[in-house]
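Each of the next two complexes has chain A plus one other chain: chain B in the first, chain C in the second.
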Partner chain A sequence: MDFLRPLTWEDALAAKAGRPGALPVQGGTDVMVEINFDVHRPEALLDLTRVGALTEWDTTDGRLRVGAGVPYARLITELGDRLPGLAQASRTVGSPQIRNRGTVGGNLGAASPAGDGHPPLLAGDAVIEVESAARGVRMIPAAEFFVGVKKNALAPDELIRAFWTAPASGPQYFSKIGTRNAMVIAVCSFALALHPEERRVGTGLGSAAPTPRRALDAEAFISGELDWDDRGPLAESAAHRFGELVRDAASPIDDVRGTGDYRRHALAVMARRTLTWAWNDHRAATAGREAS
Partner chain B sequence: MASPVKSPGHVAAPGIGGVGESPLRPDGTLKVAGEFAYASDLWMDGMLWGATLRSPHPRALIRSIGIGSALALPGVRAVLTHEDVPGRAMFGIDHTEDQPVLAIDQVRHQGEPVALVAADHPETARRALERIAVEYEVLEPITDPRAVVADPEGLKVQDRGGITRYQPVRVGDVDAVKGRADVVVSGEYEVGIQDQAFLGPESGLAIPAEDGGIDLYVSTQWIHNDLKQIAPCLGLREDQIHMTLAGVGGAFGGREDLSMQIHAGMLALHTGRPVKMSYNRYESFFGHVHRHPAQMRYEYGATADGRLLYADVDIVLDGGAYTSSTKNVVGNAASLGVGPYEIPNIRIDGYGVYTNNPPCGAMRGFGAVQACFAYESMMDRLGAACGLDPVEIRRRNAVTQGSRLATGQVIESPAPLAEMLTRLEAMPMPGAADASDLRNLPGGVSQTTHGEGVVRGVGYGVGIKNICFSEGFDDLATARVRLEVIGGEATALVHTAAAEVGQGLVTIQAQIARTELGVQKVTIAPADNQVGDAGSSSASRQSYMSGGAVKAACEAVRADLLALAERRLGRADLAVVGGKIMSRADGVLGTIEDVLGDAAIERTREYHHRPTTPLDPVTGQGRSHTQLALCVHRAVVDVDVDLGLVKVVELAAVQDVGKIINRTGVEGQIHGGTAQGLGLAVMEEIVVSDGLVRNPSFTDYLIPTILDMPPMRLEILENPDPEAPYGLRGAGEPPTLSSTPAIVAAVRDATGRALTRVPVRPEHIVQGGS
Partner chain C sequence: MRVNLTVNGTEEAVDDVWEGESLLYMLRERMGLPGSKNACEQGECGSCTVYLDGVPVCACLVAAGQAEGREVRTVEGLAEGPPGEERLDPVQEAFVETGAVQCGFCTPGLIVQTHDLIGRNPAPSDAEIREALAGNLCRCTGYEKILDAVRLAAERKAVAR
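The block that comes next holds the complex of A and B.
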């Protein structure tokens, strides 16, 4: 197995173009485990840890551009205020050691239906910036990025450069079921983001279908149901219906981590609860402004 | 040849600290700092790497094995099959040699070893495994243990069958009193397969010795029992194998059976080169036996005021394809099948069966764990039926000193169960969870609730465990102690073959030597077979047995030292106190160093516990256990009843250990045993379908983290057992029994669900019946 170590992004793209079978590695929290257990034998590893630009983030025209190599620990500490949903999801990833190494870029590269980073990217309308030496940059909305079980929309010569997303304009929540209270792969997960300026609710489901996905009917229903003008209380019946629609958006399997029935049930509960938290936060924020 | 490994024995136990104190573990700092050499760290220049080809099928005939392609791979030094076993083709832990060293013509469980490779590099060995062509004829696996009980002759996994052991227990006349009970409760219970999940995988190094034998460095629990199995298979005498304990990263019973010992020996003898074998995590799940899964049916009858009249019990334990320690596990489950309660009429039928499911054997609690989940669940059911709270129903039926167990055995030492329950109940309850920190809530930082749906529950559990080996087995222990002046200081060298598996035995051995000899400096020699048998580091027995042997050897050394002092000082009123030779009349006369001079005193002693008897094969009666230990738990849980997620808020325990030799150590045992019981209660299970393991990884076999294991309140009682050294009572296993039913009872209390199977899964809480 060859080990390619480019120093610059351009060299990395050239290396990937020359060796489309090379598997990119950043934190190694997924790739190295699979290699150690002989699950995969890639013809080459493309080590991106020397490409410094990947571990930076900045703001352009009000949108955040977060390098694919920014580890979860930094998403929590540096971007927790602007990307609270993703920070909450990051907090559930593995152990502190894993969060120091693992990255959203790696999560996107593996494209597991259970990837904790995916639901908040979906709920937050993130766009994935990918690039190839031959065709340059391509921007792929998160909802179009996941194309099958552990399959993403990347061409063989493309690398993930960053993801783009707006800083939260309203409350965001991430919720995940695991059968222990830390260090657990999602049995299923749910992310929710309020976009008050668009009078819209975003959603993302994890471990609930062959790919991470949005619950579009649920989004449409609740976006129309919420009292965006006066921020009136959330009707219990609306929250309940929202939960049902999220549940119906899932097509989970029975596996060793949980049954499909349980996953559907849990998604409905998580959807109801996160919506309630988010809407209450939104109302409280208004109350706070009026009081001051 | 220099030893290639730095074992705990090379580290002199530091500081002061005799019996009753809590000196630092000699291996503690190294382990915390990541510098301790475990068996997987063994290394020798020029060594080869061994690897094992395992069966992908739970049951299949082997039509052929082609090794040519593997042998042709550059860097491969050997490819061996059962035809290459130098000696006996079969081995087994418990005098039942029914397990092939390498599969012969058929495989009987997934992961059964079929062939071995030695190569210059572990990757080469792995590639070579892929080139071994095994032609299987796959057969339908036998996986239903109850079906085997019903048709043992028709469903034979191997020549022995069938049923591994059937042990009935009969007291009084159950049928005669059934009509007289005011209250009858019944239940069916199931325990899934728990794994020891030790962090140090099976590893070792075999080095061809100049005398034609083998130097073997292995992480194991019982050196001498390994030797009895290894030597005949390698065609060697036991004295041709020089076996040294390598650093053990946890055991919990999973290292009682052999793993890579014979295999590495075969490869080393065949190649003439040192061979290292080290399983990875995936392989480890197939490399050792697990806790027996159990299916149990219970019926209890009682008077209206909750006094037990009868117990009618049926326990089926699935041992997998080979005998391993199933017979003894059945003995425990049957003899302790109704727990520490007085019941005048008892009918217990205990079965162990062979199937093609994963092989099962020893694990902390050893048969008593499975029964405890059932009998404690029954006590809660009975209490509810009688209108009595969980503590009161237990107290009313509790054994005490002088009570008879189901086997007719009288409990001769203190067994203050009712008092322990009263103490437990009186402990303060934890306050409401601080919901502002997600880590205090079910689901933790996964944020499944901010308090919605969370209901608190409280439950109690009681367990009784036999300490040391039972049923007539003389599991002796040996210790050699040498006292001499080294560098001007009297130093005791303690040498046993007892395995330090993380439990802290090396610390205790040094404490005993300090107390008995009055010296400061104690060195623990590496555990090996240059000294006599120590017995297994299991059955909570090493403090008792090897502790007893060290004490006896020290007493012999001390007697010699006094005799020497009497000769040299010409008087007879001497004692050794605090490293000084004292005269009753004149006080300190000198130091140990003064008396010893250049002399060395060395004594070896064997220690035996009071003998036990077998269980009668028809009535299950007998004085089968030498010591019994009690632990009681109270669990407080918060359950998210909408999602089925559990946060154990607090675990409180009262355990009677007879005598605290090392408080830090015994607290650690209770914490650890409790945590393992928590794992069984709510998460730990090897999930099996059609004989195939579905979750052989730490991704999907979940063990408790620090956010799952709550703080504990402990009360440790010291009611001495006059038969045991210092009055101590083995402490490692009892907490593993009682924490599981206490936690499940608390979850039932919160949810109203029946929860008759462990581990409890979220879907059982959300969708299960009540």
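The block that comes next holds the complex of A and C.
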């Protein structure tokens, strides 16, 4: 096995182009588990922790560009106000030690259907910036990034540079089922984002299908149902129907963490609850503005 | 490959490191530092917690080569004083005094993680202690004595300031 240690992004792209079989490693929280257990023996490790640019984030034309190497701990402290859904999901990742090392870039690279970072990226219309030395930058919407179980849309010579997303323009929530609070791979998870300016609701399902995915029918239904003009109350029947449509968007399996039936049920409950929380927050924000 | 790093304040060069090896393996098997414990090898148990550039991490999930040029501080590096006259860190003393150690296997990881918590938050609430230690498993104590130890260490640290 070789250990490649590029110091710049350009060198990293060149290294990946020269060794497409090299496995990129950031925090190591997935990669090292597989190596420790001899599940996977890559021909080379491509250590990206020295590429400083990957650990930075910035705002360009009102959109956030977050480097693939920003760990969950920093997403929570530095971006929790602008990306509350992703910050909530980040808080559920592993333990403090894992959040100090694990990154959204690594999560995207592993592309597990259970990755906690994925549902908020889907709900928030994130776009993944990937790059190769030969063909330059490609911008891949999160909804097109996951192509199969632990498979993403990256070409063998491409690396993940960053994800782009707008700062939250409305309430966002993330909900996850697990046997305990820490160190849990999601039984299933759900993320919801209100986009009031577009009169739209975004969703993301985790651990409920071969890939993380959006619940498109549920989004269309509830976006048309909510009283965006007057921010009137959410009808219970509409919340219930929304939950059903989210449930129907899933195609979960039975496995050691839970049954497909349980996952479907839990998704409907999480969808209903997160929608209710988010809409109530949205209404309260209006009330607060009018009172002040 | 060779890995150059600083461990507990001393610059070291370690040879014959396998490229897929973890920092934990390098510390324990090549550097004579068995304080950090090897239990789960998947980041679940926290027994191998060390500081990497001042941030607590599971050493089993850091590739040894990723530690090149970095600073590592293990449980062996928490006591202070000249060789032969080291004094335990207040966190270590608190674990001893409260009986927070039974078999002792989880203790080094808990001590490093507690050391970090109290360094950042001198008066942690019980909820904050539980959250900070959520990634450190102990199968003996039931955690009550460990919580006592963290509270005692925090009190001592507060007085010492």
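The criterion applied here is as follows: the second predicted complex is superposed on the first by the 292 of 292 C-alpha atoms of A that agree within 3 Å, B and C clash if a C-alpha of one lies under 4 Å from a C-alpha of the other, contacts with A are read in each partner's own complex, and residues count from 1 in each chain.
Please note the rule applied: a residue touches a chain if its C-beta (ideal position, glycine included) is under 8 Å from a C-beta of that chain, and two chains touch if they have at least 3 such contacts.
Since this is a predicted model, take the numbers as computed values, not measurements.
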First (chain B), second (chain C), both or neither touched by A:Asp2: second
Partner chain(s) touched by A:Ala153 [first = chain B, second = chain C, both, neither]: neither
Which of chain B and chain C A:Ala17 touches, first, second, both or neither: neither
Touching partner for A:Tyr173 - first (chain B), second (chain C), both, neither: first
First (chain B), second (chain C), both or neither touched by A:Asp47: second
Chain B versus chain C as contact partner of A:Thr92, first or second or both or neither: first
First, second, both or neither for A:Thr259, with chain B first and chain C second: first
Contacts of A:Asn100 with chain B and chain C, given as first, second, both or neither: second
Which of chain B and chain C A:Gly28 touches, first, second, both or neither: second
Overlapping contact positions on chain A, where the chain C interface meets the chain B interface: 36-37, 181-183
Touching residues on chain C, where the partner in the complex is chain A: 1, 18-20, 22, 41-44, 46, 49, 55-58, 60-63, 65-66, 68, 113, 131-132, 134-136
Complex contact set, residues of chain A against chain C: 1-3, 5, 25, 27-29, 31-33, 35-37, 41, 44-45, 47, 49, 94-98, 100-101, 181-183
Complex contacts: residues of chain B adjacent to chain A: 126, 280-282, 439, 442-450, 452-453, 642-645, 647, 682-683, 687, 694-695, 699-700, 702, 704-708, 761-763, 766-767
Sites on chain A touched by chain B in the complex: 36-38, 88, 91-92, 173-185, 187, 189, 256-259, 261-262, 265-266, 269-270, 273, 277
